[in-house]
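The first chain written gets the first letter, and so on, giving A, B, C and D; residue counts start at 1 in each chain.
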């Protein structure tokens, strides 16, 4: 494949021959769109009339006071239509799907946010839609499944493999191999074969571009640090990309520390031992794998971070040390979420709460002149079943029990 | 050399058969028995798949076989041993089939050296196109192993020519869109497609599709050189046992 | 009370003596804020940095095509932080609470949106918070209760009366009578004693002001009709108020038709027989009441519309015929919701879906030169338990049953 | 005239007692018995509440009594009949207590006319301040009925003066913030508050708070003219029965 498919040692397009023409086609369409002056305005116009871009950059006065360190700002991707940054990428790919003249889209989803976003885009663009979602995630993100179906999508629970996000990706690839003439695969994160990492980053870069304008306007100064959670890496690349050239801005990617890095039950590919470069799902990157190259089981309380690979662009930025990678455990995340809710009245998604957890840990050590920005990639409503269980809420339990009893009657 | 073996064999047979199996599924013992059965039934060459956790080009039947093999302890080392034993015991050529990461983690050098030592003939790696496979091609070449590449109905002519230029042994033509294990209709368009494949390579043509009866194999005569039987034997073994596999293959050849 | 407390025959402040000084104080603080040139910019600045105002006005191209009548626009209050227009009013009252130097807020809530918004505001402003919610609504809007509690609020289920919104208002009034020195009562809709109807309308008028600017910018023409659902009347007054002087703009208020006006199981106070002027909950308006003046039971699939009274301002606009009132039944609403989801990828709240239902019914009869605007007052996520039941979704049922089984174990 | 009745009565008694009840709770029969009991125990006047579905100034005990009365069929007509019968049977004055809407739906004219016909003395309508009550005041005046108004600890002096100017019969001082049925501390601030009330009206003062014993009534002697016993008798009736109500009231007076 061509050179721009690689980021240092990572990236590429390790795909079955059957998909090659399609991927090449997508690359061509994407390149044409990117160099068409009308395309970005069309995209950002759509995002401001259908979703609510630019999303606000909220000053978190209470958290700033609480930690009495850096001034804390929160980028509010949770306010997007469908509740997360995923819609940015999806609407962009929707425009490309239209340019390709295809009438069907497929997608994988973990947290369900990408699935809901894709189902939404499909409704808006009048496309057929099939969503692959691991059985585990169908269970833990049931509300999102319900909405996908109501939006007109077919949701297929994937029971193969480790039943997490990667297995949903494999299934989507298999579907694509059979139906690429009519079907575009709307990959949900900055992973997969070229041109997906570049394309998803391109659409998500709207986040960082806005942050740059917003922070310069309100503070006339760049932030010292930017925190983003890292699943596949799309929200992180989205907010980081506008600051890559600014050496003074430290970029911090927060992975899923799960039950603790030492337990092996996590999804930390860049900040923990146990991940190595490898090739799977169509691209080369750091994967959590055993000596033979078989992918390991991952764990995170956040379905959207429970993934074995990571954006090849981030792998490269890891090796070059431009981005610092670290992890937050499930417990850190619940605590951070609680604090964010009670201090600022915001409800981060479990994924996003990873970024909050690290920012909270580090904010006190910074000075009051410094600014940090946390990317709130999504809202936590979708996580109610998980969070209610994490808080072990007795009223929620009896509500569910009563509700179930009605169904038995 | 794989190609010359195939050409020689084709002098006496109108069409050859290649079978596929996942090593270690359901166990290495059964895998060995399966190879015996297949060779006894007259197959001309075999693909031995090293199971991988993410087999994106495979459909549900082979996917399941990969997972079960891994779950019951198949490792790359055991698979290499097994493949070596088969190549030593049986006269037909054996190819390895797996995914990029298996080779990548061993290193292309060590992997191909081991293949050579164990007398394996070549490899099929569906997620390793030549553009991503410079190291692979170099090492396969150095050890005189055949890197098998794939033509698909979506592959344009100029790319077929390019693939032909790096391929050795034969070219594997997938007969339709999709992953392994889905049925294909025999149709005019298949005729056209196979003629196009033939025009673009000097190598023998293998064709994989849902072969379930002798007439399917017969259809390929003159149109291709090797009929590939993949998913169907696994299905038979799972549902009717080893004997049924032997009967099925014997009836085909 | 003073003249500006009345709208024609409606309004006033029918309150116990104990609350009089507090209400007078609130009136004074509100009047001072309203005539302070810095106040509105402070308010709208807060709404644009904490929520995402201006919210978009989305052109619904697919629905427009589907009905081939008027051009349909949707005002996206669902994109607000906390998911509905309620936050506009609440943040405004938060600013007033700060001006009054009080440290506690209370609120009633029906759909839970106002409760979540108030709990959110309380977290952001550092106030104690108690929410009164009828027992019926605690059950049908459980997710919102969960979030209120996590945001730090106390939620008190009200078991008196008919166990709907009105009873929650009564309880909040009782609390206020005891704690008005420290406590502000954040009434959630354009009802209650003066100055609440005026004050809530004032804060919600941000909706209509934006719509006016937006539609003139995109179409250079005013809409022919504007549709809003009417519970207490705050989202309706919010969008209508900017167009009251434009006779060419027909304003349509959609009430809860419940199981049909003829069944008596509804909450239509202005478009059905059976409601008369009366006095309750501190103000005079149309109430659904019997001959003695006892309030009737109401019914709506949408908790936020299940209310026995209505804004005195709307009662007046009803009598003067400036606003046309009509109703949508529970069944109409589910059908409208489904169509909105599948055609445009948006998920209106059950309340908002009432406005959609009427717009869908009437759009085909208008010409393609005409524009209609639907106020999507909130998003439907909160309604998942109700909607899943309305669609009788078997997968949702088994999910809930399985989840309950875990709790029994 | 209510006021003159009270003044006369106060010549022989240091403090009067007024009791409250919700008509039709738990039934009109029991209500009648309750009135008998109260009169027999020596109370000087009574408030008869017409139940309303939205009694915002009442706490849980009276709220519940309102709801139960309505649920078991109490109507305004039945209540008016009942109140008339009580006024005919017993020598003491009876006041109606209810909320604005009850009067509004009957019409202030018809309502007050009926009150006059039935020999009722006046009315307490907690959600009808004089500013909203021009019609009410006019009709009450026309029928020589006493509109009772309320002073509260948050009522400023000038407003007390204004309320006094429209009030007839007596002024009802609520002793603390909150709805009916919560306990009040007897304190210095209560002293100050009652003195302030006294300064701002020429009418007798009634004080409502959680009276549970004779000493509570005694506390009010010289500070006020009427002790109001509200929630406590309902509680007693609910928990210990009619006899306990009689004993309680007899002990107080």
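The rule we apply is simple: a residue touches a chain if its C-beta (ideal position, glycine included) is under 8 Å from a C-beta of that chain, and two chains touch if they have at least 3 such contacts.
Note that the structure is predicted; figures quoted are calculated from it, not measured.
Annotation for chain A: without this chain, the others separate into B | C, D by the touch definition.
Farthest from chain D, judged by the mean position of CA atoms in each chain, is B.
Averaging C-alpha coordinates per chain places the centre of chain A 37 Å away from that of chain B.
Separating the centre of chain B from that of chain D, both taken as means of CA atoms, is a distance of 97 Å.
One simple way to say how far apart two chains are is to compare their mean CA positions; for chain A and chain C this gives 33 Å. Averaging C-alpha coordinates per chain places the centre of chain B 65 Å away from that of chain C. Residue numbers of chain A whose C-beta contacts span two or more other chains: none are found.
If you draw each protein chain as a dot and join the dots that touch, you get a simple line with two loose ends. Partner chain B is touched in their complex by these residues of chain A: 1, 12-22, 160-162, 166, 170, 173-174, 177-181, 276-282, 287, 289, 291-295. Those residues of chain A lying in contact with chain C across their complex are 48-52, 55-59, 62, 76, 79-81, 83, 119-124, 126, 139, 142-143, 145-147, 149-152, 338, 341-347, 381, 384-385, 387-388, 391, 393, 395-397, 399-405, 407-408. Residues 52-57, 59-60, 63-64, 67, 70, 75-76, 99-102, 104-106, 126-129, 131-132, 149-156, 159, 163, 174, 177-179, 182 of chain B are the ones that touch chain A when the two sit in their complex.
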